[in-house]
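Chain lettering (A, B, C and D) follows the sequence in which the chains are written, and residue indices restart at 1 in each chain.
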Amino acid sequence: MDYVNGPGRNHLFVPGPVNIPDQVIRAMSRNNEDYRSPAVPALTKTLLEDVKKIFKTTSGTPFLFPTTGTGAWESALTNTLSPGDRIVSFLIGQFSLLWIDQQQRLNFNVDVVESEWGQGANLDVLATKLADDKAHTIKAICIVHNETATGVTNNLATVRKILDHYQHPALLLVDGVSSICALDFRMDDWGVDVALTGSQKALSLPTGIGIVCASPRAIEASESAKSVRVFFDWKDYLKFYKLGTYWPYTPSIQLLYGLRAALDLLFEEGLDNVIIRHNRLATATRLAVEAWGLKNCTQKEEWHSDTVTAVVVPAYIDSSEIVRRAWKRYNLSLGLGLNKVAGKVFRIGHLGSLNELQLLGCLGGVEMVLKDVGYPVKLGSGVAAAAAYLQNTTPLIPSRV
Amino acid sequence: MDYVNGPGRNHLFVPGPVNIPDQVIRAMSRNNEDYRSPAVPALTKTLLEDVKKIFKTTSGTPFLFPTTGTGAWESALTNTLSPGDRIVSFLIGQFSLLWIDQQQRLNFNVDVVESEWGQGANLDVLATKLADDKAHTIKAICIVHNETATGVTNNLATVRKILDHYQHPALLLVDGVSSICALDFRMDDWGVDVALTGSQKALSLPTGIGIVCASPRAIEASESAKSVRVFFDWKDYLKFYKLGTYWPYTPSIQLLYGLRAALDLLFEEGLDNVIIRHNRLATATRLAVEAWGLKNCTQKEEWHSDTVTAVVVPAYIDSSEIVRRAWKRYNLSLGLGLNKVAGKVFRIGHLGSLNELQLLGCLGGVEMVLKDVGYPVKLGSGVAAAAAYLQNTTPLIPSRV
Amino acid sequence: MDYVNGPGRNHLFVPGPVNIPDQVIRAMSRNNEDYRSPAVPALTKTLLEDVKKIFKTTSGTPFLFPTTGTGAWESALTNTLSPGDRIVSFLIGQFSLLWIDQQQRLNFNVDVVESEWGQGANLDVLATKLADDKAHTIKAICIVHNETATGVTNNLATVRKILDHYQHPALLLVDGVSSICALDFRMDDWGVDVALTGSQKALSLPTGIGIVCASPRAIEASESAKSVRVFFDWKDYLKFYKLGTYWPYTPSIQLLYGLRAALDLLFEEGLDNVIIRHNRLATATRLAVEAWGLKNCTQKEEWHSDTVTAVVVPAYIDSSEIVRRAWKRYNLSLGLGLNKVAGKVFRIGHLGSLNELQLLGCLGGVEMVLKDVGYPVKLGSGVAAAAAYLQNTTPLIPSRV
Amino acid sequence: MDYVNGPGRNHLFVPGPVNIPDQVIRAMSRNNEDYRSPAVPALTKTLLEDVKKIFKTTSGTPFLFPTTGTGAWESALTNTLSPGDRIVSFLIGQFSLLWIDQQQRLNFNVDVVESEWGQGANLDVLATKLADDKAHTIKAICIVHNETATGVTNNLATVRKILDHYQHPALLLVDGVSSICALDFRMDDWGVDVALTGSQKALSLPTGIGIVCASPRAIEASESAKSVRVFFDWKDYLKFYKLGTYWPYTPSIQLLYGLRAALDLLFEEGLDNVIIRHNRLATATRLAVEAWGLKNCTQKEEWHSDTVTAVVVPAYIDSSEIVRRAWKRYNLSLGLGLNKVAGKVFRIGHLGSLNELQLLGCLGGVEMVLKDVGYPVKLGSGVAAAAAYLQNTTPLIPSRV
């Protein structure tokens, strides 16, 4: 039985879980295997090597946890910090809020730097705090690279610059859930100590792997961190890495083969081309929003996210109704507005394995729904704006036959 | 290895093979089974019963040949006719041409009634021929319900009316390849003697089943027809139908389960709703073509096909280049112009499991390609025209959660 | 690329992850969906209702964590207990050992009751401890229902009887990882407070869902338990249960549909029939081991596990070599001996979706490997013993065509 | 809905359709594609090149017909012969009988050389006929390489030797349906003019491709052959081969990708190793039959088939009951006795993607069924005989991790 069952395809434009390429679906359509046979470690070895590339790190150590992004957060925090440790954490939307909630429940001393939703992290405040912290009481900076709720991308290079400027030893922990494999991300260049993502985001897999990558400094920190942890403990993994069997507990065989296929596709297209493609589709989306006369929730261009666009609707419209109708009438899945922006924004996720015509279909659908709910949109206007941009620029697709 | 491999999905808008619903792909993802076990006959029995419904017949006998439409044509002809028999056959495009070629190579005496490509079958000529044929030398009328090359739908009810008017006993053989399960088709009401289709068309399966349905008169004719046939012989099937084992030679297990799933989906949506949906998407497509300032290859509204639209391009453009670029740049598969209309038309197939947003994506893509090749289309114009129609009418989708 | 690639099938006889029925593989072969659409909660609702049935509980509350059995353990412990709480825990093999290690690392005060590997939990000691504990310092009893490393099944009914006898309020926490859906398990009858299993065991899914079921007393305990937890916190789930959206973070869409299919298959066969089938195949396996002249690691019949048989090899043979050759030569996956019994036992997992002939193939393979490594087995002897038993008893398979 | 639905796997041991490797099932689990895009011809080109290898020909021209073996027969005959042409054809079992029936219905003058079922083709008679035929009235020799009904393999090298000895120009048409990809077959060496097979046999695909390979002499003959043919006409294919588009009508996209995967697996294992593996499993099967005290339907060792073994049961047993019970009780699919040997033999198909333990499981199952129906078999005896042989010889499996 299927619960989504209209004719034709579901148009999946939420910012996660995202569309899975058919090649990956096929690779995962298989029986279980014994993970203690020689085959699974041999496969795992290639995965761990290749996963580093999506973080742009050569010195980092990746961990593939059978968990979600929430679990990956917990792993990043508990392995590097001790209860009571002071953290500076930026609150700019629902997902940074949830991470902060987790940080507080894990008994860290969280110094929350809040911005209006739609703005990026306030890095001036960071500079001030670091300047003041001669005693190095701040143990870690926690920042969401891309806030999925508002479509805001923070500038990590600047964060690193500020840390370096003050020669501050705080660890830099980054949530790359809706950025890695889609936005420019450079773990080594930016001195990120722990970066993490989830398999169901730009990697385009099902939910089920929380990928955490730790710098040598983070690994070192994990040796003395006193937070209680077992399932999320890096130590158990490191022990099995040394044995060459890799898995302290049963991995999902299907996700391992899926990850192999997903990485192969990424590298075939070229990670940098993938990032350019995301920018291309995001730009087209933003032009459509503008053509509709609607506002981007993101307040400045520098923060525009290339993986998700949060669109502000006029006050007389409930954005949840847009999402509901899009799904019900047109089999189009859009993202709801969450928490502070509930009812006020709807979100178009444009990350993962997508192309021009899928986006135009989505934009055409959004236009019909906007009209359905009473917004005086000119049908075709957003599609026209997006298409004009797309048609003028050259798609980068892997050379085919 | 995959030969179509851009990011995102292929947009399949050729008039066959068409998109397969995911439920059907899943149903077919299986190992072989022994077709002589009790299970396969039990499954086959339900299929043969249910397949009659797509022909709207209660008295017909369906045959599931492991073949394509070309094979189904051959089965229809050789089982009902003898070499030298006179046939009236309508030539209105590439597929009727190919069928006529087959009729001639099978040594029938074919009376070809030709129309300009873009027009329907000339039924006035049929009336004249029948009126003249007091001796009933005409043994069969062969007509393509929907000519896939030009997007022309013939009026079968009128054909029957003419036959009845002259009380002519000629058999009525109908190619329903690109019509059945998508256009209104009534085997019993219209006195069709043999109707046929292919699995890869509106049934939305892979290629591999040629479905032929024979009226009692056709079955009777098969008993004396002298055309040589073995693989396509109905007799072998009828013998195994009686035994209750159904299969004179090995069927594709996967296609049987796929057909089961495809029929279940059709009946769940409702065959009549499916036909309405095809009309809805076809109307939207025609409005887009008009908005682009292009001509529909089909010369009169009465012939407009709801499964495929052939679009005439200006003389200075090579329509093949449109098809080539659509595929290369945008992963959009359109139909080429064939034979007489090669280079002059491109075709948008809108049959099978499709919905509004898939169509809008396709139309947006066509607009970009038109611009790419130098046609001064207003981007968004076709999408706007289609969307205006679609947004104003209510989609009929099976009630969901 | 596939890492297991001989001709024919892999014979998967490890005690997890186990074989996935084709119907379940098909159900999971799908794209992601928006888990915030109405469809996913509607599906989840049926799952939560039906999952209770495999625990045989009506009053329990199930949680579907995106994790493994290890994570499910952590969830069971941290939601019901506070650091320093006294636990009585039975050490009888590698998996109970690992759970105890987790209990200690989570800072509980663990009272370890050790048995020789191959024996069941020493319940006399439990009785003594409860008798002595007038002050009710013991907060929980932790017991593995079926120790996968040694093939030992503990008697939970007796545990409950002892607890009741002393009217002791300790919570009863049960690891049912390799028992639930395969062995008789009765959460409500036996007063189990938390029971847990993993999707890759008798449920016959991929790894990825840790299923935890909490009694009303456990839910109550969770309100005051002070162990730090976020990802594994029941509170977050309960909050979303109330909202009817069910998921505090992204579930695996594929596993949800897979779980639906797996439960449908279980209920179609009948949970009690499934349990009888496991006993049938296990009995056949034990008879084969006897026929080979080898010893079952499990020391008494009352502890014999119906999901895994650990076979002791003579001292001059390294059991790991048996496992290695079985895989390398015959594509047969057997379980290694772990920790104390490493090199001394190999394990035949006979849980999940298996039938008679799969087992005979496995037993035939084991015989060849035994001979390969120099054990003087009479080829065919184990198969004959197993077949004699199986042939004499009637298979219980769902009525088919 | 599934019609075969016991727990565990179906054990498919009919001589076709055979087990499909998981890699091939995965490769076929996909949507349709436009077969007129550049991708499908590019794929087809590799297939046509590689398909020649399974026929061991460099000069042959392969055709991939969307049909079954029956259709492939028809294509072989109608393209090379004219009505009334004299054919020598060997009747040795049900499948040669069916081919002869086809030859007669296609109006050839068939000179039937009959052998007792269980014997090979009577080549002495062939020699006599050729010696007598100074006028070369014999246009073709039709022979089934491996008669699937009786498990008899004919010696094609000898057929060629006899033809050469008499310098007779008759075409040599060979049904390789249950031999090619499993038995030694050498189209060029043996001067075979048309060889054919079906995808659902040793190629291990679903039913749906009839592969016909024509020698240059056969191609030449096709230019003047007068048999009526359209669907099965090589000319249409050859025309499209020249155009580089390959397909006169719609191929099954899924089977093309499946064929690619199947060929890749064959070449990876090595075609010669595949043939050795078939001999290995067949030898083990024959040893089991001997151990059971039953007779092989094949009367001499030189005719023993390595793809199917027909087992003669004592007169007091109905072999159909064996097949029925095997399926019903043990999910084991065996081949029925057909026509003259109905009720007298059952058949074990051991072709395609199989390994040792699958075979042992099957043999164990057959033993239980034999006992079920009252034959005094010693349980384990056949398995022991097979295992003794298998264990003593080294499996040839592609080197893995």
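We adopt the following convention: a residue touches a chain if its C-beta (ideal position, glycine included) is under 8 Å from a C-beta of that chain, and two chains touch if they have at least 3 such contacts.
Not measured: the values here are computed from a predicted model.
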Chain of greatest Cα-centre distance to chain A: D
Magnitude of the superposing rotation for chain C and chain D (Cα, nearest 5°): 180
Selected interface, B-C versus A-B, where C-beta contact pairs are more numerous: A-B
Where chain A and chain B are represented by their mean Cα positions, the distance between them in whole Å: 45
Chain centre separation in whole Å, for chain D relative to chain B (CA means): 34
Geometric centre distance via CA averages, chain C-chain B, whole Å: 53
Contacts with two or more other chains, residues of chain A listed in rising order: 2-4, 19, 22, 25-26, 29-31, 38-39, 42, 400-401
Interface residues, chain C side, partner chain A - complex: 1-4, 10, 12, 14, 16-20, 25-26, 28-40, 42-43, 66-71, 74, 83, 102, 105-107, 198, 200, 206-208, 227-233, 248-255, 257, 260, 327, 333, 335-336
Chain C residues within the chain B interface of the complex: 22, 25-27, 29-31, 38-39, 42, 400-401
Touching residues on chain C, where the partner in the complex is chain D: 2-9, 11, 19, 21-23, 29, 268-269, 274, 277, 328-332, 353-365, 367-368, 371-372, 378-381, 383-385, 387-388, 390-391, 395, 397-398, 400-401
